[in-house]
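Just so it is clear, A, B, C and D label the chains in written order, and each chain counts residues from 1 on its own.
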Amino acid sequence: MTSVMMTVLNIAIIAMTLSILIPMYAAWKDEDIWQTMLSMASISTKSSLIVLMLSVLRDDWMIGVSGVIMISVGNAGFMLLAHILKRMGEA
Amino acid sequence: MIEVLSSFCILVGLVFGFWGTSSLLGSRSVLFKLHNLSVSDTLGSISIIVGLLFLRPREWPLLLLAIISLMLWNTMLGYVLASCSSDAVKNQHDVLYFDPDFEIGDES
Amino acid sequence: MIGDVVLRLIIWFLLTANFTIANIVIGLLIAFLLPRSSASPERLKDLFQGIWKIILAIPQAYAEAVELILNPHTEEEIVMERVQLRRSPGLVFLDIFLITFTPKTTVLNYHEEGWYEVHQVRPRRRLP
Amino acid sequence: MMDSYLYIIIALLPLAAMMVVFQTNPYHALVIRGVLGAIAALVYSILGAPDVALTEALVGTLLAITLYAVAVRSSLVLTIGVLQEEFEIEDQTLDFQVLISAVQTSLDPYYVRVKLMPYADLKALDQALRQQEIHVKVYGNTISNAKLDEIQIKSYQLVTRLNRIYEIIKPDITSALVLLQSSDLKEAQS
């Protein structure tokens, strides 16, 4: 990989990190639990994407595998949590 | 050449990401934000991963799996969030949640 | 049944990316030994048709995303969409997936009588 | 210089942890715990520990959130013992529903939900309160008016054994509310 491309990836990673701050602020501010859930889904996708970008930048296979597993596991947990929250709203 | 293509894909992903995520700050309904988040999280992320795929084609199985799981899980999470949150809203306020000019979808 | 096994094998080989004999044997064993639903036997043809539909949906989703960005969609509405009665769970899943995957539309609910409750956004209507 | 993103990403971890600590609503804290789990997994994996990150993703977000959700759901409940005849929704009088919703309203700032528990008769209800199965018991006294014997007025009485709950729901309740003293409870047990 050329150094130009490495710089591009570096900048992209920093931009993604900054874009995590937006849903974090939204999660902090919002009163509605479903808006917070949305921010959380957004944060988890973005964080696992940063892991994938980093694995390409460093050429590290293990980090990449952990990133892919983070994508699937995190979302599965959130689906469970969404159902539990829905039950709470009903009760 | 391949690096230009990859940079373009990553740039598109970042633009999608920032555009969709910034709608979280507004005061629209959960469902409206969900539409914008599906742009940013699913499509933007897929675009970024495709950019990474151009950069390092040797790792294609892993990145392809990332794309597939991203598509499937994010879409399913979107559906679950939509149905759960709309149920909760209906139960809480007991209002008719439909649009006034509600229309039957076409038969096709 | 055979579609299930093929899907599991594909995921296994994508995850491991390793075509030695031992790995192929392990993948086959896992694909056959994992429990699977016996409710509705999916044909291989249906599976590939579904995958093809999903691939076709990707460019459409991107087109809708660009439309959303360039032309602000501010109106929300809920429409009912009719589908055929008594579809198999796999086909229902595929339908919901395709509708939800495109950014303009999201399925809210599936009614057993063959209706999807679809939430969609659209641009502001011009005043007549 | 090339690793400057490391510092930005690592700074997210204390930020998310602060958000969990300072969140007062338990349900929101639950969701933000998920955020903390995702960011912790990110930080661990960029610092070169994919195994720890994987454990955090599996245990921290999947298992811990589910367990916390069950704990929050089952512990933030105020159990009110009622007689069987009041328990069915269609048999409830309007006064009773108003009473229960007033209790719920006064508990709302503490994120506590009200749950009704039916008992067969007054004796079982009293027994349950003394054995700490329920927090509050409600029973109605029927006052039949001698002049207008058609009209029966039901007045409800709440009895609680917890001082804190007495303080919380006292301002919102118009019915009689009795705090059972701990000396009473001891007498009953001995």
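Throughout what follows, a contact is a pair of C-beta atoms (placed from the backbone, for glycine too) under 8 Å apart; a residue touches a chain by one contact, two chains touch by 3 or more.
This one's a predicted model, so the numbers in the text were calculated from it and none came from an experiment.
Enquirer: What's the farthest chain from subunit D if centres are computed as the mean of the Cα atoms?
Expert: That would be chain C.
Enquirer: Counting in whole Å, what is the centre-to-centre distance of subunit C and subunit D, each centre being its mean C-alpha position?
Expert: It comes to 39 Å between the two C-alpha centres.
Enquirer: Take the average of all CA coordinates in subunit A, do the same for subunit D, and state the distance between these two points in whole angstrom.
Expert: Once rounded, the distance between the two centres reads 31 Å.
Enquirer: Between subunit A and subunit B, what distance separates the C-alpha centroids? Give it in angstrom.
Expert: The mean C-alpha positions of subunit A and subunit B differ by 13 Å.
Enquirer: So how far apart, in whole Å, are subunit A and subunit C when each is placed at the average of its C-alpha atoms?
Expert: Centre separation, subunit A to subunit C: 22 Å.
Enquirer: Got the subunit C residues that touch at least 2 other chains?
Expert: Within subunit C, residues 15 contact more than one other chain.
Enquirer: Of all residues in subunit B, which are in touch with two or more distinct other chains?
Expert: As it turns out, subunit B has residues touching two or more other chains at 34, 62, 65, 76.
Enquirer: What positions in subunit D touch 2 or more of the other chains?
Expert: There are none in subunit D.
Enquirer: Once the touch criterion is applied, which pairs of chains come out as touching?
Expert: So the chains that touch one another pair up as A-B, A-D, B-C.
Enquirer: Could you pull out which subunit B residues touch subunit A in their complex?
Expert: Where subunit B meets subunit A, its residues are 3, 6-7, 10, 14, 17-18, 21-22, 24-25, 30, 33-34, 37, 40-41, 45, 48-49, 52, 55-56, 59, 62-63, 65-66, 69-70, 73-74, 76-77, 80-81, 84-85, 87-88, 91-92.
Enquirer: Enumerate the contact residues on subunit A facing subunit B in the complex.
Expert: 1-2, 4-5, 8-9, 12, 15-16, 19, 22-23, 25-26, 32, 34-35, 37-39, 41-42, 45-46, 49, 52-53, 56, 59, 61, 64-65, 67-68, 71-72, 75-76, 78-79, 82-83, 85-86, 89-90
Enquirer: For a test of understanding, state which residues of subunit A touch subunit D in their complex under the given definition.
Expert: Touching subunit D from subunit A are residues 6, 10, 13-14, 17-18, 20-21, 24, 27-28, 33, 36-37, 39-40, 43-44, 47-48, 50-51, 54, 62-63, 65-67, 69-70, 73-74, 76-78, 80-81, 84-85, 87-88, 91.
Enquirer: Give the list of subunit B residues in touch with subunit C in this complex.
Expert: 15-16, 19, 29, 31-32, 34-36, 38-39, 42-43, 46, 61-62, 64-65, 68, 71-72, 75-76, 78-79, 82-83, 86, 97-99, 101-105, 107
Enquirer: Which residues of subunit C touch subunit B in their complex?
Expert: 11, 13-17, 54, 58, 61-62, 65, 68-69, 73, 76-82, 96-97, 100-101, 103-104, 106-109, 118-119, 121
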